[in-house]
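Working notes, beginning with the structure itself.
Order as written gives the chain letters A, B, C and D; numbering starts at 1 within each chain.
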């Protein structure tokens, strides 16, 4: 069913909070810190904006690993957002592990706006971990990636 | 000597006669179905139809939710309903009250002391490990409180620990097999006191939360999200597993989440205290922090 | 049918250097919903923006994706661009091809593939964008300035001069801060008090400035235009309305305690003013050391006070101030010399800090301006200044340069000539940094006129030998170790963040860097803003700096405050939460997680089957909501959504993975 | 009867024999059973770790394996160099999987971490305890004897292995001296270099270092110097006789264990105080000790 590991490149999704982690990622950029290009970043106002539906849908749409990143507890721009993230994420991660998703596929990290280096390190290590782990066998079993009929998605369609 | 059932009927009759309540929601025996079914008694003389014995398995709490939805669309002047509850049902009522779907004065809780329902030599899992023989919340209590009852071990929790012990691939195939049988009939949602959404995201047309296919993966997403939505609020009443036509062990998932939450945030059981706060909408600055 | 315009930017070579922009444009054109796609060299330039405007009109686009630098850079710019041609400013999404793609990947093929993906994600998201609108909120035209040093004083005066009321909050008895402790200032050697005191008097007398000394900020909430600042005014035990500042009580008070203002070299009474020219020039009682409060005896100050101003019964008062903007000017602390065991900082009395030396040469200081050794009061014949003590020092966690020590050490060396002209001065340094205006010339004068001997090398050890202090050092220019006997050692200790800076930052909701200095919104373009709109920074609390830069920042912060107050109303955040009342079940989990208390409830009436039926649902106060989205994640049914980051938009991006 | 492992190291059986005899005397006095590690080997000292990291870790590491095998969870290594080498080996073997595996292969024994290595100062504080010292001194104990406590380098550095915060102004030996009724003088040369092995290769450099230490001790009018490292003792005691030092008066150098013995009234013979080059007799008789 899944592509052989040789020609497979890990696809990662990162939900980055706008005030800290996204800014940290930008800092890694302005400091020209190099890291693998496997991460697709989705910006959210706060890490507490991330719903479990997004994480599960991402895994199902071909992501081999999902990162949720936010400000260090106490530094949240909205003061309490990441406290809720911390509670929700621990419950959803244990639940997914229980239901058979490898725990290393879903991770959370506190990355401040001043920690460009940490963002580079988290992404690099995450790509390596997922490369070892192999593709996420979460896609529908009959092999082809589910693509709704063209008319049902007139507005978007599929490019690659 | 008078049985609980007699006391129940007498209580219902007086409540209705004195007009303290508009309706008493209890169980009645349905001959053709050979099953005890929910019964809405509105006239005092019908109180004698109410029964109480081991056949009263169905939890009546969710019906309060449905009544409220219909009632609010029909009745305006304040109505008050009495409901007959076992320990686990009472936790369901607390759930509905704490989720602000009902005002406290809209419901009168008649608690009955229960030693377990269903088939005596094959009790449902929830009865075998039940700690709430006496409903944690009630206005009236029928039956004497048992002397002291030691807290039984939890076979369900042991089962969860066992599953946790397997390696990831085995767990994945275990659940994939169960979820491949799920019809998405949503019975588990209909009987759940914690599922009080007006429109469930899985029915939503506007926002494409999920696809309508019932593959093992889609069903896994449904069950993971359902378990998360009720996380910290599930009162472990076991109705979802009982109602599931395909025999999917939903209580194993609920027990897993409930024990995780208890361990992570050291909070009491859900649906026991009328002042409880759902743990996932609160925080402590000192919460555990496994993050990198 | 939705018509998306995609504009891929080269950003000179910043993006085009690693990403094949033409390929990205070609890929974008293949997306059905994309009606027009082009690339240009500088999209944010006037030319680039004009091309967007033209394309929107000619191709009748209804939403735009700009694939360029980080949205945190020019999202606002491009929103104005599309608004100028009639599009709702929020029908825009940015794909971050620079900071998170071209700059961080070197392989052109992989970077281009990722760029295409990022554009696809942005297009997928923009398809679900909805027009959003701001509303307005009244601005409370009062500023709160926290910290009464030169930064706070300057900011307060500038704002007050612009005609807006200011509350200046200072923790100690008097305003003046670090500058009041200095004798002279570089590079002009003019007297610190002479240039500071007039400003302090202006603040004390200014009709628009409420001065709250001996007070601390306890809590800050609210948002730009509508902050609520809770301040604890500590009991002064002196009724300043009656007190005439005659000083009789301080004179007669029997209790002597070390004076914070004198940096440990001098004493003050239990009822005291920080220094003679203090503003307000009315004392406060230090209840931790006053005998009356310790054991109930004494009460001399009350006896001698003709104005009957002493009032032991005063209690702390909590004051809540409504303000539209806040300037943080909380200043800095000095590196603790005791951490340098090898120099005997804090153990040998004649090893002092630069600030203590300032107090020695200050006319109002403990030695009335004479340079005397704290140990035996003798005038030191040889003095050694050691620079970079707790600066540029990884081992002690202070890797940065504190910017001011080279200049004030040169100044102090010149002042030795004035106060003790026969004394010999050595200055141990690594590099001399004199980058300000007139600074290099000042440094040259320190060597020629003052005859200070600059020795390039770090001092390894200081130890007493008889009356003298022995320095083991090295002179790296001549490659020799040297041993030097001196009478006084002055350590130029580095500037570090205030103790408690982190707790204060968390109280304000502003972020701070690895060294606990407060973080500016952008190091080059927004040096006085913080990440919280309406809160500005001035002075060393943002990082080590000298007085000219501090005053410049203070005036900059003041202008930012005045620009807020120039508007009658403030535009509120457009990207706020919204409730779909049809599916809200009224469980109010949203309200439980809302950090700004923006969620309320209301009763919905519906006419059903001839009956008026009621239902309670949540409502959002769009003025207060900051758009964090916690509620949207806590709402199981998705009734609660957030403009700009709606469930549909994020799911759209996830779909395009 | 408290039982604790003992790793003497080569110098305590040779030039620093009085360190060994005084330690055994006070252990006997305080009822502590010293169990010398059977078949212990050389700790490698400076030559090993200057040449081959693994050799240094293995040499010292073998002693840790022996200690664990002989059931000694806790051991005292009085010599500062042995203490430092054992701690470094423990640190390396716990962080370097390859070296650990190699050592286990060569010794055909498994390395268990967790043996608690105590310096002599740690031993005096944690095993005997300051209170016990105060209780057991005879009469005025050291009777106000002014002692300059000299720590040298290996008790306070390197920080990543010893994890000490205070490296410039340590207090452990001063506290012992005060507990013994002596008067620990505050002086700035507690951790300055004693010249170490340069005393052989470059006597001129070593002499300058030693002179600085001795002059500083004389400068604060101390009666004697206390030390806890055989090499420091050798440099400060043996080299005092050189003419170049031109010292105003002789300055006896004691091991801290000898001072403990003296304060507890143990006979001088047992403490080996007469085996120093700088005579201690006149000072001790003046203070009627030993």
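General observations
Everything below uses one rule, namely that a contact is a pair of C-beta atoms (placed from the backbone, for glycine too) under 8 Å apart; a residue touches a chain by one contact, two chains touch by 3 or more.
The structure displayed is predicted, hence computed values, not measured ones.
Shared contact partners of chain A and chain C, listed by label, are B.
Remark: chain B and chain C have CA centroids separated by 53 Å (rounded to whole angstrom).
Centre to centre, using the average C-alpha position, chain A and chain D are separated by 56 Å.
For the pair chain B and chain D, the distance between mean C-alpha positions equals 71 Å.
For chain A, residues touching at least two other chains, in rising order: 53, 57, 74, 80, 84, 88. Listed for chain B are residues 201, 209, 280-281, each touching two or more other chains. Touching of two or more other chains is recorded for residues 593, 634, 647, 651, 655 of chain C.
Across the whole structure, chains are in contact as follows: A-B, A-C, B-C, C-D. Interface of chain C with chain A (complex): residues 2, 27, 30-33, 70-72, 96, 98-101, 103-107, 110-111, 113-114, 116-118, 120-121, 123-124, 127, 506, 509, 511-514, 519, 531-532, 575, 593, 595-596, 626-630, 632-634, 642, 644-645, 647, 650-657.
Of all residues in chain C, only 582-589, 592-593, 606, 608-609, 611-616, 634, 636-639, 647-648, 651, 655 touch chain B in the complex they form. For chain C in complex with chain D, the touching residues are 340-342, 344, 347, 461-466.
The touching residues of chain A, when paired with chain C in their complex, are 11, 13, 18-20, 22-23, 25-26, 28-30, 32-37, 40-46, 48-51, 53-54, 57-58, 61-63, 71, 74-75, 77-81, 84, 88, 112-114, 120, 154-157, 159-160. Those residues of chain B whose C-beta lies close enough to touch chain A in the complex are 160, 163-164, 168-169, 171-176, 201, 209-211, 213, 215-218, 220-221, 223-225, 227-228, 231-232, 253, 256-257, 260-261, 264-265, 279-281, 283-285, 287-292.
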